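Heads up, the next two complexes both have chain A, just with different partners, chain B and then chain C.
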Partner chain A sequence: MIDLLPQFLVNGIVMGTLLAIPAIGFTAMFAVLRFPNFSVASHATIGAFAGFAANVGLGLPIELSLVAAFIVPAIIGVASDEVALRPLRKHGALTTAIASIALTIVLENAVRFFYGNDLRGYDLPLVRDWRILGVRIGPQQVENFLLAVAIMVAVFLALRYTRVGKSMRAVADNPALAELKGIDPILVGRLTVFFGMGLVGTGGMLLGVGTSIDPLTGFRFILPIFAAAVVGGLGSIPGAVLGAMVVGIGEELSLIVLSPSYRSAVGFFAIVLVLTFRPRGLLGEREY
Partner chain B sequence: MLSYLLATLTFAGIYAMLALGLNVIWGMTGMINLGLAGFFAVGAYVSALTTIAGLPIPLGAVCAMAAAALVGALVSQLTLKLRGDYLAIVTLGFGEVIRLVAANEIWLTNGSDGISGIPGPFRSALSPLQFNALFAAITMVAVAVAWFLSRRMMGSPYGRALRALRDDETAAAVAGKPVRRMKVEAFALGAALLGLGGVLYAHFTSYIAPDIFRPLLTIYIFLSLTAGGTGNATGAVVGAFLVMVILEGSRFLEGMLPVLSGAQGAALREMVIGSLLILIMRIKPTGLLAERPPRPPVAVANPSI
Partner chain C sequence: MAKFSFTRRGVLAGMTATIAAPYVLRVPAALAQDGPIHLGSLTPLTGVGGNYGPSMRDAIAGVIDGVNAAGGVLDRQIALTSEDTQTSPEAAIRAARKLIDVDGVSAIMGTWASSVTTAVAPLCWENQTMLFCVSGADSITLLPHKGYIARTQPNSKLQNDVATKFMIDEGATHLGWIGPQTPFAQGNIDNMTRIASEAGLEVDSLIYEADKSTYRSEVDTIMRSGADFILLGGYTADSTVLLRDLWQAGYEGKIIGPAYAVNQTVLDALPAEVLEGIFTWAPAPAIGSAAYANVAKILGVEVVDPYSAQCYDHANLAILAMAAGGSASGESIMENLRTVSQGEGTEVSSALEGLPILADGGAVNYTGASGPCDFNEVGDITGTQFLFQRIEDGAAVDFSRT
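The block that comes next holds the complex of A and B.
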């Protein structure tokens, strides 16, 4: 098994990079709106299916289909948040969190209503894996990895240099002060949900490419996504990236000692382990 | 038809038991538990395995409740330091891990095939109708006892202390309440009731499999408690019966829409359930029967003020 270590590491890094995209979306929404939005599960599924519709239905290439995987869950995210979640926020984070699970059930079943429970695959050209120093890696894996890195760089630049990004950081830091400075917290909240759910949807499709998708796709990834965000420190974007790497590599390395069916439990154990020693995650979280 | 009604009554009772368990953890003490299905599964599996191994059913039930309580104490011990939103994620993860174990430890749980042939009380001596009637009666008695004890606990000094730490943990600690110990105890107590729900389910249906312990069950129970009234034991029971009426009623509605395939009908039903939960939280966040704090035990000294 030990000779497979480089292979596991490469797979883990790719997996971690892909996980980081929805984890960034989840953690950004947490930072601004201050509740764990469980409906990321269904939005990841919606992204995967929107990308599928663009890719297989319209015949678009994967790169263009990713745009659909961003836009559709972003719009549905804002609409469902307005209808279902925003009016509940005054009742507290946990009430809203429970409502967001109910929202997940509604949206997941909406996908099931139209697409059924069948497994579906993206339209990908068949290509042989590359072999580099004994490590097998697929061209699609490399492409997904590069796309994910590009998205991450774009997110960092947007948060750092654009007006919207700066407003989001301001509201995340101190909503009262941000409002005094003339930033509209409701508008910033909407924009955060738009970009957050967009990233979650893109991540859902990237994770679905290469395997097959069904209405439970998002739910299956929910534990690793939460684990990434929690391990890194809820609300911290660099934390989400670090957490995603820990979880992605951890899941692959666990194959040395565990059966593959327990892969998604690794996230749970990572959460419990990290929180036991650092209750606010690896990169901490500001106090409020 | 009578047999169906009795079975529905039993399932409503099982939901009521789960709602009462959640009420101790979330309603009274204010800790979130999104892993209800996991504790339900622990109760069902322990009771099924011990009784198949030859233990009488009441003893199996006690073992199952003890196991669920122990797991509950462990989970809450691990998560004591965590804030509510972290606890939500950890408990959700716990429920999923239990399901993974149930699906993969084939030597113990028979994997996704599930365990069948779980004994029911006097099942061989009774006709199916008589068995359903007996089991409905047993469930109703169990729910009544759990409801009565919840009510008593709510009004007791211990229940008041739990509510105090729900409403303001720091103030409760300052008032000398052992906050950490009480949280673990309340979580374990609630988990025992969730486990008992699992016991009732296993011995009634005589079959359990990992698929039964889906997160959807957690939604049903949160819907029950939220609709009935969080923090109120009577509300938990009323809410559970209401949810059962909605669940079974929507089954008949589905029959009136013959254009839909089976999967579409099921999807539509689950959409209705989820929307209802959101709607109730929106319109009446306190539930139908809001929690009424018991009157202060000491009369006011000077009523003229």
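The block that comes next holds the complex of A and C.
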């Protein structure tokens, strides 16, 4: 099996890069709002289906369909947060997190109501994988990888240089101090949910491209997304990227020594291992 | 505003009522000896088996409607209650409890997924309710079911035997098996390995985790083994992903999958070039039989799927067994199932044909839409036909029949 190591590594890097996008959205929302929003599962599904509607329904290319995959879950994310989650935040993070699980069930079934349970695929030309030095990689994988990297670069630049990004970082660091400085934490919270869920939806579509999507698409990724955020350090954007790579590559490399039926155990194992030796996560600054 | 307070008596009364509730709920059904006879259909109306459940239910309902129109059985009408398993053991257990405790059914018909049947079975035998299933896992009829399980689907060993021999006959030199963790996964691999070793062939297998959106690394692993004929062991969702990944990886060997997994949904979801040349196999209904014509008429179709044909048989067998035993209980169905399904009696293809013969004191041998419907001592059918199809230009075309 060791001869498959380069192949598994490539598969893991691509998967880790794709996982990083929703993990960034998840961890950004945690940093600002201070609760784990598990409704990212349904928003990833909504993004995948919004992209599907744009790609198959309207005939748009994948790159433009990603815009729909960003905007639709971003808007639904803000609306559902205002209605279902924000009123509960004063009761604590645990209450809000549990409510977010209920919300994801509602939204997932709303997708099922409109689209049914059938598998759906994007309108893409199907091509064989390339073989480079004995390692195979699909053209669509390469495109998805590059898109994911471009999105990550855009997120870093936005957080570092834009007014909104600076406000988000200020509220994440110290909400009370940020408010004293004239930053409206509620507005920043809304903006964070908008961009966070938008990223989650974009990630949901990128994860669905090249395979098939159904109403459980996002649910399948909730564990690796959560694991990536926890391993990297909840609230840390670079940590989410690092955590996603650890989980993505770890899941693939585990096949060398483990049966594929234990693949998801890698996410759990990574969480337990990191929390045992470094409770704040690999790049996290606060303990939770 | 009214005030509520807990008293010792109140709490005791409440606890007693809670414990007694299931028994009280069963009383109306038990006392209703003159009311309708209750039968239940428990098919997958949603979930991964949702493609099949509605017509399975309709086949059962059609048989019951016909018998009711002819006067019923044991001078009583039959009331059918249909529930949805959602192709989920948890949902199926809730539905089965409702069928048994509230509706008081004598038999539950049509459970599809092996995990669902395995979950529901103990409820049935503990409540003396007959369970007719279309599930394939070998382990099902090895349960301590006291005769309360009968399955019209060939068990997975018989299905696997047939598919493995087909692969060898088609010229395979190195067999592969790839599928998710299911109750029949390891059994199928062991069985396939035994048959292949008798023919001097190697087998490589891989059990993967279900519900993944990509199986690229699993495909790399199975391709590395050098298998030139791969048998898919999964369901529709994972098979769709797997077939696409195999094609993209450039796999050039042959592939065979169960027809319940590589079905029309897969044909619709994947491009024709990905599916070209893939074989499927399935227990085949007894095309050309009178029972097959009956169920085709009930459903208003020309081609009947195997599960609907089997459900037609479930309903006829339950009704005939009740008539032969002179009682509508689940115990009577269990005790008289083989009396009406095999032996020297007059061959019949429906309950409508058999009921007058039984009323006159005669014996019947039911031959159904799915095959002879002869059961061994543990409730497995002893034989059936299989149909192999090959996908050509995006459509499944008949290839051979055993």
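Keep this in mind: the second predicted complex is superposed on the first by the 285 of 288 C-alpha atoms of A that agree within 3 Å, B and C clash if a C-alpha of one lies under 4 Å from a C-alpha of the other, contacts with A are read in each partner's own complex, and residues count from 1 in each chain.
By definition in this document, a contact is a pair of C-beta atoms (placed from the backbone, for glycine too) under 8 Å apart; a residue touches a chain by one contact, two chains touch by 3 or more.
From a predicted model like this one, the values you see are computed outputs, not experimental measurements.
**Student:** Following superposition onto chain A, is the placement of chain B relative to chain C best described as a clash or a fit?
**Tutor:** clash
**Student:** Taking the superposition on A as described, I'd like to know which of chain B and chain C A:Leu177 touches: first, second, both or neither.
**Tutor:** Neither chain B nor chain C is touched by A:Leu177.
**Student:** Touching A:Val230, do we find chain B (first), chain C (second), both, or neither?
**Tutor:** First partner only.
**Student:** Taking the superposition as given, does A:Ser259 touch the first partner, chain B, the second, chain C, both, or neither?
**Tutor:** The answer is both, since A:Ser259 touches chain B and chain C.
**Student:** Figure out whether A:His91 sits in contact with chain B (first) or chain C (second), or with both, or with neither.
**Tutor:** Only chain B; A:His91 stays clear of chain C.
**Student:** Looking at the overlay, does A:Asp214 come into contact with chain B only (first), chain C only (second), both, or neither?
**Tutor:** It touches chain C, and chain B stays clear.
**Student:** Taking the superposition as given, does A:Asn117 touch the first partner, chain B, the second, chain C, both, or neither?
**Tutor:** Touch status of A:Asn117: both partners.
**Student:** Touching A:Leu58 in the superposition: chain B (first), chain C (second), both, neither?
**Tutor:** It touches nothing on chain B or chain C.
**Student:** Examine A:Ile271 and indicate which partner it touches, taking first as chain B and second as chain C; both and neither are also allowed.
**Tutor:** Touch status of A:Ile271: first partner only.
**Student:** Taking the superposition on A as described, I'd like to know which of chain B and chain C A:Phe35 touches: first, second, both or neither.
**Tutor:** first
**Student:** Would you tell me the residues on chain A in contact with chain B in one complex that are also in contact with chain C in the other?
**Tutor:** 117, 259, 261-262, 264.
**Student:** What residues on chain C touch chain A, complex-wise?
**Tutor:** 46-48, 50, 180-181, 206-209, 211-214, 216-218, 220-221, 224, 236-237, 240-241, 244-245, 247-250, 265, 268-271, 273-274
**Student:** Over in the complex, which chain A residues touch chain C? Could you list them?
**Tutor:** Chain A residues touching chain C: 1, 3-4, 7-8, 11, 15, 117-121, 126-129, 131, 136, 138, 207-208, 210-212, 214, 216-217, 220-221, 252, 255, 259-264.
**Student:** For chain B, which residues are in contact with chain A within the complex?
**Tutor:** Contacts found on chain B: 32, 34, 78-79, 81-82, 84-86, 88-90, 92-94, 96-97, 100, 103-104, 215-216, 218-219, 222-223, 226, 261, 263-264, 267-268, 270-271, 273-275, 277-278, 281-282, 285.
**Student:** Could you list, by residue number, the parts of chain A that touch chain B in their complex?
**Tutor:** So the residues of chain A in touch with chain B come to 30, 35-36, 38, 84, 87-88, 91, 93-95, 97-99, 101-106, 109-110, 112-113, 116-117, 219, 222-223, 226-227, 230, 234, 259, 261-262, 264-265, 267-268, 271-272, 275-276, 279.
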